[in-house]
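Which chain is which? They are A, B, C, D and E, in the order written, and residues in each are numbered from 1.
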Amino acid sequence: MRLVNIRPGRATSLVLGILPVAALVFVYVLASASRHAINPGDRILPTPAAMVSAMHTLMFVPDPMTGRLTLWADTLASLQRLCLGLAISTLSALIVGLALGLVPLVRALFGPLVTIIALIPPIALLPILFIMFGLGETAKVMLIIIGILPVMIRDVAAHVETLPTEQMLKAQTLGASSWQLAIRVALPQMMPRLIHALRLALGPAWVFLISAEAIAADIGLGYRIFLVRRYLAMDIILPYVAWIALLAIALDWLLRLANRRLFPWAGSS
Amino acid sequence: MRLVNIRPGRATSLVLGILPVAALVFVYVLASASRHAINPGDRILPTPAAMVSAMHTLMFVPDPMTGRLTLWADTLASLQRLCLGLAISTLSALIVGLALGLVPLVRALFGPLVTIIALIPPIALLPILFIMFGLGETAKVMLIIIGILPVMIRDVAAHVETLPTEQMLKAQTLGASSWQLAIRVALPQMMPRLIHALRLALGPAWVFLISAEAIAADIGLGYRIFLVRRYLAMDIILPYVAWIALLAIALDWLLRLANRRLFPWAGSS
Amino acid sequence: AAQRTEFNIGWSIYAGWMPWPYAQQAGIVKKWADKYGIKINFVQVNDYVESVNQYTAGKLDGVTVTNMDALTIPAAGGKDSSAIVLGDYSDGNDGIMLKNAGSLADIKGRNVNLVEFSVSHYLLARGLESVNLKLADVKTVNTADADIVGAFTSPDVTAAVAWNPQLSEMKKQPGALLAFDSSKIPGEILDLMVVDSATLKANPALGKALAGIWYETLSLMQRDDAQGKAARTAMAKLAGTTLDTFDAQLATTHLYQKPAAAVAAMSAPEFATRMKRVRDFSYSQGLFGPGATSADAIGIAMPGTTLGNAANVKLRFDPTFMQLAADGKL
Amino acid sequence: MTALLSFRNVWVEYGDKIVLERVGLDIDAGSFVSIVGPSGAGKSSFLRLVLGQEAPSRGEVLLDGQPMRAECGPDRGIVFQRYSVLPHLDARRNVLFGLECAGARVTGRLFGAARRRALEEVDAMLDAVGLLSAGGTYPAQMSGGMQQRLAIAQALITRPRILLLDEPFGALDPGIRKDMHALITRLWREYSLTVIMVTHDIGEAFALGTRVLTFDKRRHDPHAPHRYGATATYDIALERKTEVQGSDAE
Amino acid sequence: MTALLSFRNVWVEYGDKIVLERVGLDIDAGSFVSIVGPSGAGKSSFLRLVLGQEAPSRGEVLLDGQPMRAECGPDRGIVFQRYSVLPHLDARRNVLFGLECAGARVTGRLFGAARRRALEEVDAMLDAVGLLSAGGTYPAQMSGGMQQRLAIAQALITRPRILLLDEPFGALDPGIRKDMHALITRLWREYSLTVIMVTHDIGEAFALGTRVLTFDKRRHDPHAPHRYGATATYDIALERKTEVQGSDAE
């Protein structure tokens, strides 16, 4: 049987998918143990036990100052910023991407601007951003938006542009106006792609959130990581990174599920 | 005539595309002039003249310490890192994306790992990167690769997965082995998408390059921006950002041209 | 500037500045602000440079900053600033770390990782001077302060300059040598509370409140009893560390306990001498910007004397409010 | 009866490839024009001209005596050679689409009683093409012939003035094809549509059309076949029988 | 002659929709089987079974007496109902592809003399389907009929043991269709292929086939049409004439 035709079942897939992740964890545990054998005070690769104990404190012991459970308070703050940035970006990408992809005039007018903005590294703009939007939540959410929105718009607009010409013509012969083309033909077919673009934007969104929190914040997952980076507290950094990855994977999985449920007709493509 | 059917010509498009950019520049000049009217020493929105003079020095006056022309030396150093990171990522995305998209077994085995890595914000991993790759060029190039490769792989693999089943079957009935399917059917059809993914990755690549140069470097465009960021030297930051955008746009344009020239059959899709 | 009732003060993590956020948490800020009928918000900025930038850009009315950065960032940027609280000088909080070395002289020819153009750069210059080397004898590599500990674990990094809390982490590395530290240049690296001069002029209440807050908090944390310990524990927590580590950092921070001591230090003749040294170093490194044609371009006003261009004073060391505290007139 | 569509010395060229040359034709309102001709002769290209999808590279196309805008609208319906239904709508919604476009300019959707009335019409049309029981099926789950019938139903529901059909019955079996013939003929007659149909089945062309056009190259250079385009080589007017019956088209 | 393909009580179901039920058939090597039947009866599904693209939901398919692997290979060629050529290769390279797969296992490309020899063969095949002058054209620039002929040429060049054709001549005009009939018949005879062809043209089915199968539902519930599947309702063996000529298929 050809390699390309061997399709592992669900259970096999699950096991196969876990294998490399498990292997990585195993390699880490080995490396950590060997470093600790040489230097019991090693901070770079903390043992699983050290990480568990550090996390236990952050998860279950209220901070004596604020009375908050650190991990959960950080998570809540970061997720709020992230979700706000993602929601605004998705909504804007929907509207702007649709207009750019569908209306040649809009594309001619704003296409180059979006491309330029997409290509300016937002990190270089950080000082300007903080000056324009202050030190509050706005600047952090804005950095996420500036970081992911142009890419999402380009992605979605490109997809709308590739909808078959025949389909557009067909809809027009059926009496569709530009507006009806937008909301009845392009928009629904764009939705799966929009959600796909959102999934792809999750990674960068976290990067920008963490970068923003690194500079001006007093709560949040990125803030905590940068705070304890001064002490090379890998026993906190590593579980925090894992936790961020877990949150991101959960979001990603939810979005994939939504795509399958909401747009069954797109299943094959 | 319906809005969607109005297609501006090349010349009109060019003019339309320049309009919003020109408007932005105009607004900036106005804002800068009004700020300088109030405070002639304002550093936040420097006048065009101040930027030109700052740039003149960086472009044509050799640095007394090193004897180098700052802007060109920075550009060369950054472009080297960027291109190396992009080249390695593109090549890896080609191979891994092809394997993931085409071979269900490989997808089952490494798909979840790639997804996880794509969703971990690389910025959070910086201390680990230092320990693994040191502080030299390797670490900077690695940050770019870790930042963009997983997204590129996912993008390309998803595209290979959506190649019509009929095409794969057809090729198999024509005697294609898995290997031949890969190099003769999937690979060529993947190439335009790979270049597209590379274009989309340009933005994030600059972000990671600048982040890496911000953390440890003695030359580079990002190094300069973060160094003078300390002194709010917007007369250097703004032209540097514009220069980075210009370089990015040039790269983007080259890639688009390559896509058109190399893959004429993909023109319509 | 207009008279106002609400002010934003930025702070960042450093041993000598932790009393400020603690005062906010413990209600001391509110107490003094209420007394003068104003409101003061202390805003944490995780990134030190960004906090100073925000102040320079006018988003903050005051900020915690070192003497060198107050000169080269806001003052060089044309912003007239007043240092109203002289909190401490670094007495070992900044240091040069070497690997595989017997003494500081071994640094010659190495790459040195540090935050360029910061007090670390200044400390390096002073250290090199002490072993008859020049800055040109080493190659500096700009490295972010939050990452310098991680960087120092890398085998290809053999020399670095940092401040606390990072410095104490780096000292723990096997084979690391503290080759030079700021206790050898006492009084040259100063930690200040700086506010916008115009705002201060229109709102002297802000200066009074800040001085009141500072000295009440200092006397509380100095206490040897449970209350003092609780205050220092809270500060350690705010800095993301433990009481032991924090106490160790305080030991290398020369806090001016009493307002009178701070006023005296600011008025002493050595103060101007040291400030001139810092200023000349900054100018030689081009930190006054391309427009500056001499070290005297920016005027620095100190009690009894003015350094540089008296017509362009941008940094004022103003002991008025510390004096009021010393006199018990707040 | 004045000419509905007029072609005046029309050329279609792609680069240096000449597809159609010197096409001059008048098409009367209410006629049923069948077009036959070899593969690649330019029949689909001709339909694209009438549709307004493409403009001629030379010459002009007149609609009601006016130069035609290169834009298609609800006065012209089309069934493309490759079935082109909307992939994200099921069969019923695909047919409903045209009625919703006409009846709901802003929302693009019908609600309540208006929707119920429209759906009755849709179901009657689906029944006519034999897809009533497949109303909830998405195009991707349909056989080729089902998709083609869906495309026909979709085009017919808006009763366009000019109906363009590009090999509409190619993928249909004889039984269903006969039903489709009857359906098209009935609608053509009831709503006095003008129909232009491309087909490869000469029997069908003659059975349905009031006029048969053949497209072919008049000259052919074997070494540079692309240097000569096709045009209407034969133009045959027919007396259309009253009703399509039995094996007319076989 | 032993049966090349055997179907033993084969069912094809999509969810609770039954497409084919209780199909039991033997197909001899060297036969030319025509399949006719209404749209949606499951003819394409039947071909997918033979191709190995899908496995039956019940029952089994035997090839040479062995259970068939659900994988397609060079022993079975196919022309799909929707033209499926490789979009990134021009016509000549599309046909060359099969020869390159066989002749260059590692590089997937032929060079030098081998390539020249292969290209001669390719050009002969392109000539046979009337596409010689379109050798450098990409599929996107071709008319529907040209794409279909290209698909036929592509499938024929590897001389598969079993050739599956799903309405291969649907988009072709009578003249070219006749040429194609002759071509298929010649190759079927010369290489003793086994051909299974789905068509809607009953004349074509009888003219070309040595056996005609009709697929249809034996029972039909108007309220739940999907609860009954189709099967081979008629199975007619023919004495095949020696040569296809004239208007056989019209």
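In the analysis below, a contact is a pair of C-beta atoms (placed from the backbone, for glycine too) under 8 Å apart; a residue touches a chain by one contact, two chains touch by 3 or more.
Since this is a predicted model, take the numbers as computed values, not measurements.
> What chains do subunit B and subunit E have as common neighbours?
For subunit B paired with subunit E, the chains in contact with each are A, D, in label order.
> Determine, using the mean of C-alpha atoms as each chain's centre, which chain is farthest from subunit D.
Taking each chain's C-alpha mean as its centre, the farthest from subunit D is C.
> For subunit A and subunit C, let me know how many angstrom lie between their CA-based centres, rounded off.
38
> Using mean CA coordinates as chain centres, what's the gap between subunit A and subunit E in Å?
About 47 Å separates the centre of subunit A from that of subunit E.
> Just give me the whole-number Å value for how far the CA centre of subunit A lies from that of subunit B.
Roughly 18 Å, centre to centre.
> Can you pull out the residues of subunit C that are in contact with at least two other chains?
Subunit C, residues with two or more chain partners: 53, 57, 147, 149-150, 153.
> What positions in subunit A touch 2 or more of the other chains?
Answer for subunit A, listing residues that touch two or more other chains: 2, 44, 126-127, 131, 172, 177, 214, 229, 232, 269.
> Scan subunit D for residues touching two or more other chains and write them down.
In subunit D, residues 71, 82 touch at least two other chains, as defined above.
> Which two-chain combinations qualify as touching?
A-B, A-C, A-D, A-E, B-C, B-D, B-E, D-E
> Please name which positions on subunit D make contact with subunit B in the complex.
Spelled out, the residues of subunit D in touch with subunit B are 69, 71.
> Spell out the part of subunit D that touches subunit A in their complex, as residue ranges.
Touching subunit A from subunit D are residues 51, 53, 71-74, 76-78, 80, 82, 84-90, 97-98, 100-102, 105-109, 138-140, 154-155, 158, 160.
> What part of subunit B is in contact with subunit A in the complex they form?
2-4, 6-8, 12-13, 16-21, 24, 44, 102-105, 108-113, 115-116, 118-128, 131, 147, 150-151, 154-155, 158, 162, 168, 172, 177-178, 181, 196, 200, 202-204, 206-207, 209-211, 214, 222, 225, 229, 232, 234, 237, 240-241, 244-245, 248-249, 252, 269
> Which of the residues in subunit B end up touching subunit E in this complex?
That would be residues 164-167, 169-177, 179-180, 183-185, 188-189, 263-269 of subunit B.
> Would you mind writing out the residues of subunit A in touch with subunit C in their complex?
Touching subunit C from subunit A are residues 39, 41, 44, 63-65, 126-127, 130-131, 134-135, 213-218, 223, 226-232.
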